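Look for chain A in each of the two complexes below; its partner is chain B in the first and chain C in the second.
Up next is the complex of A and B:
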């Protein structure tokens, strides 16, 4: 039987699990090495690579701008996405399915193409500020997550609750804020987290608009990696892993992590 | 309810996507058809070069092999995780999710440590005297495939676990009672039931690998370009915007076409499942 007690299956799975975790463990180990190039086994222990992170202005400003862009883009995607989902699920519109797939259509277009097209059109042709263009690009990245996750929970929510509040004299607007939003709260948080993580980690969209005027963190690390090969990259990688772990912990505490990846 | 309100609620999202996704695409598409030599001349020119075919072929090869390897590795571990007790399953889920949510640069960088000239594999093989000089694994198609498998395996596992947990074990027990070997049960009983999720996972992995930039950039180097890295090189290094647009549009067409084909296939499988 291929159940969890099957020995062969268990051994194979444990090996694969080890292969998934091992590379990240190696990154952690190399970040403490006292040699100037990344190597294993390590010959000594030092924390100097961690302090070297702060000597890299690109990492510091990159972290700030990545954080800012991710926050703004995620909020924007929620503010624009939730009303659209509400309209699609609550008003019996014609072509609702068409709109739904229209909003999800950007997932069909490779991110690198979105980044390239947006850079050429917004930044080069229409001379829009890089920061605004970056936020637009990341907004496009985030919107599908909002549409998918919020649609699922809007369809799960009993629309009679909202109708009951109207009968009791609540205006539709008030009902939306007092009844609908609290009911889909956990999926709003889930959508926000997915938007934030994906925007913060994104490379293909940020890549083109990344430059001397504005540095994003992932392209900055990529850039550093291509010019240097010292454990600073390991150190900043560990910092990012801790960041990811913290966010996962937060999501797990607030809504349960299994909610965000469905 | 008031239809006008609905329209107002839809407008921002609608124009956001229209103006910022489709308009730029049209903007970059138009000049590629405006060559004096003819409507499609830039495309025929692009496809005449054998180098470009190498890049397209490499992109395909990497995507196809990645999907196959990810499936072979992902299926057993999903079966195993999906059938654990709930608490164990949640912990394992977190272990799978963690790499998925970690930055792609970090995950690819990890493989430089393993595959590089001074990497672990070379050091290990050298110390065992299995090789005399370090192998060049990094910056090859192989390293791109390894990196892509590592990047997309968690996505496949995450897609499969849910439907594995919903499988009815009694069906397999029935198969075993009727004399089916575990191997036979896997192919004739378990995999057919998981067919739709397997295809969904394959679509995600295939499209992701086809269009990925980070992995081929970090693990492929400059000599092993794929379409995504070629777009960037043409646009930003060589300043050839038109050529970059041509590749961008070809990439859209190829990835959309393959996704459409796979979706049709999964739709047909779905119908077969519900009819049965």
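Up next is the complex of A and C:
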């Protein structure tokens, strides 16, 4: 069944997959090492680095605030992004293309610049709470994913099904919830995942708002790494990997990955 | 079901280009009326304005004498079948059909009864729990029809409902639609670009061109008495003889370039005479309404032959059922029988 072209493709794919996975595998291995620095080969097996995660208050509070910020920012991006996409795709708006580019423009600016600009204006000039500024920054990070993914599935959806529901006696407002949302459900979930993962893992924006009042997990890990080069970092990396994998698994169980990428 | 009256409907998107102008017609209770025309003639726009999906620029729409022009689409109580069927992909066949009833807040029991009834009528009972993606085109079409009928609408609007089906199924479905329409005494407005389809199922046909009504009449009247040159061309009258006032001898006689032609219809205001290719006889035993010509082109149509014949009055298209094909260059006598020769004033 496999012809030569397919074989070559398989081999190349496997090499690329190995290149991606190898560093991760190494991180997993080093997290069990009984040496007090991240090194290979390992000389013994221990779980103490995992228990050490819980000795670091920055990691615990960082995880909590990162989770909270990621959830709020993702929801906010969906709540603002979905109606925006609906308007852009369904109504013949003037300057629709311009708006579309505007919503995607935050991807063009380096995140570190967004972080710095936000710190300057929101925190320093307008004295906004750090948490709110952080939400705004992460929202800016998330919005393009919502716009991109949901625009694609709105354009794929037959606009006649909405009209059919109106003729059936459904008001346009009701039809948005009964007809439109269920039919773009998978792209909403996909967009949410992209938002959540990107926000949760973000360093550049979080770095500027990081401080004694609020710790985010990725900057906390970075900070820990600068002071202690021990396998606790490997251990928390493994925990985060398992966390992400678990999320993917749940989504797969609930709606199926194939439905998302469709 | 109800009767529909459309008065002076007009539509323009930019205030300059008129997509529709002066559209007025009435559909009586229980009639099936088709709008026929080429793409871009405004037929779908007319249907969508009646449905309430597009806003008209001017004009009125009345159902049973009641003005519904300002009524929003979801309060008009029409049924509509779309070209793409437009079934709700996330709902089962049952829920697709039940959707309109739920919107009208019927009790669960009533919904069950009505949906089961209409599914049985359209032969879909076994598919109730299936989803649209699992159905064939014909089945989807039926679901779409069931969904449109279940709410007992004032009238049914169909936008090219058969054009996505293959030829065989199209014939079957159009028979079914006609049967259902007559059984339920439905008022139907049917949009199509297929002349045969439209003549086969309609009580009346409305022919549109460039946003205007060309003719609105019973199919047989349109076929035998096209009102304008456009209609004549559209339904297969291939031969046109331009005439003017100087050619007229009296109300029933015209002389063009030495050929004297008699018509059964009054030729007053005639600008052109027209005749169908199959109504011209070759070398017939007649001296009235005849002229001679030379065969310059031939085509085999299966049941018949089609000739292009050059004559003093221009080229004629003639269809003749015959065992043997005539040769190119043959001189023939054409007979244009008076009863088939129609004078047109536009």
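Note that in this section the second predicted complex is superposed on the first by the 233 of 262 C-alpha atoms of A that agree within 3 Å, B and C clash if a C-alpha of one lies under 4 Å from a C-alpha of the other, contacts with A are read in each partner's own complex, and residues count from 1 in each chain.
Operating definition for what follows: a contact is a pair of C-beta atoms (placed from the backbone, for glycine too) under 8 Å apart; a residue touches a chain by one contact, two chains touch by 3 or more.
Source: prediction; values computed, not measured.
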(message) With both complexes superposed on chain A, which partner does A:169 reach: first (chain B), second (chain C), both or neither?
(response) second
(request) Scan A:228 for contacts with chain B and chain C and give back first, second, both or neither. (result) neither
(request) Applying the touch criterion given at the start, work out whether A:6 contacts chain B, chain C, both or neither, answering first, second, both or neither. (result) first
(request) Once the structures are superposed on A, label A:161 by its partner contacts, choosing first (chain B), second (chain C), both or neither. (result) second
(message) Quick one: is A:186 in contact with chain B, with chain C, with both, or with neither? Answer first, second, both or neither.
(response) neither
(request) Could you look at A:120 and tell me whether it touches chain B, chain C, both or neither (first, second, both, neither)? (result) first
(message) Just checking: does A:52 make contact with chain B only, chain C only, both, or neither of them? Give me first, second, both or neither.
(response) neither
(request) Kindly classify A:87 by the partners it touches after superposition: chain B alone (first), chain C alone (second), both, or neither? (result) first
(request) Using the superposition described at the top, determine whether chain B or chain C touches more residues of chain A. (result) B
(request) Name the residues of chain A shared by its contacts with chain B and its contacts with chain C. (result) 172
(request) Show which residues of chain A lie in contact with chain C when the two form their complex. (result) 158, 160-161, 163-172, 174, 179, 182-183, 185
(message) Using the touch definition from the top, list the residues of chain C that touch chain A in their complex.
(response) 51-53, 72-80, 82, 84, 86-90, 99-100, 103-104, 147-148, 151, 157
(message) Using the touch definition from the top, list the residues of chain B that touch chain A in their complex.
(response) 1, 3, 5-7, 9-10, 12-14, 16-17, 20-21, 23-25, 27-28, 73, 76-77, 79-81, 83-84, 90, 92-107, 109-114, 118, 120, 123, 150, 153-154, 158, 162, 169, 172-173, 176, 182, 185-186, 190, 210-211, 213-214, 217-218, 228, 231-232, 235-236, 241, 244-245, 248, 251-252, 255-256, 259
(message) So in the complex, the part of chain A that touches chain B is made up of which residues?
(response) 1-4, 6, 9-10, 12-13, 16-17, 20-21, 23-24, 26-27, 30, 37-40, 80-81, 83-84, 86-88, 90-91, 93, 99, 102-103, 105-106, 108-114, 116-118, 120-122, 125, 136-137, 139-140, 143, 147, 172, 197, 201, 203-204, 207-208, 218, 221-222, 225, 233-234, 237, 240-241, 244-245, 247-248, 252, 257-258, 261-262
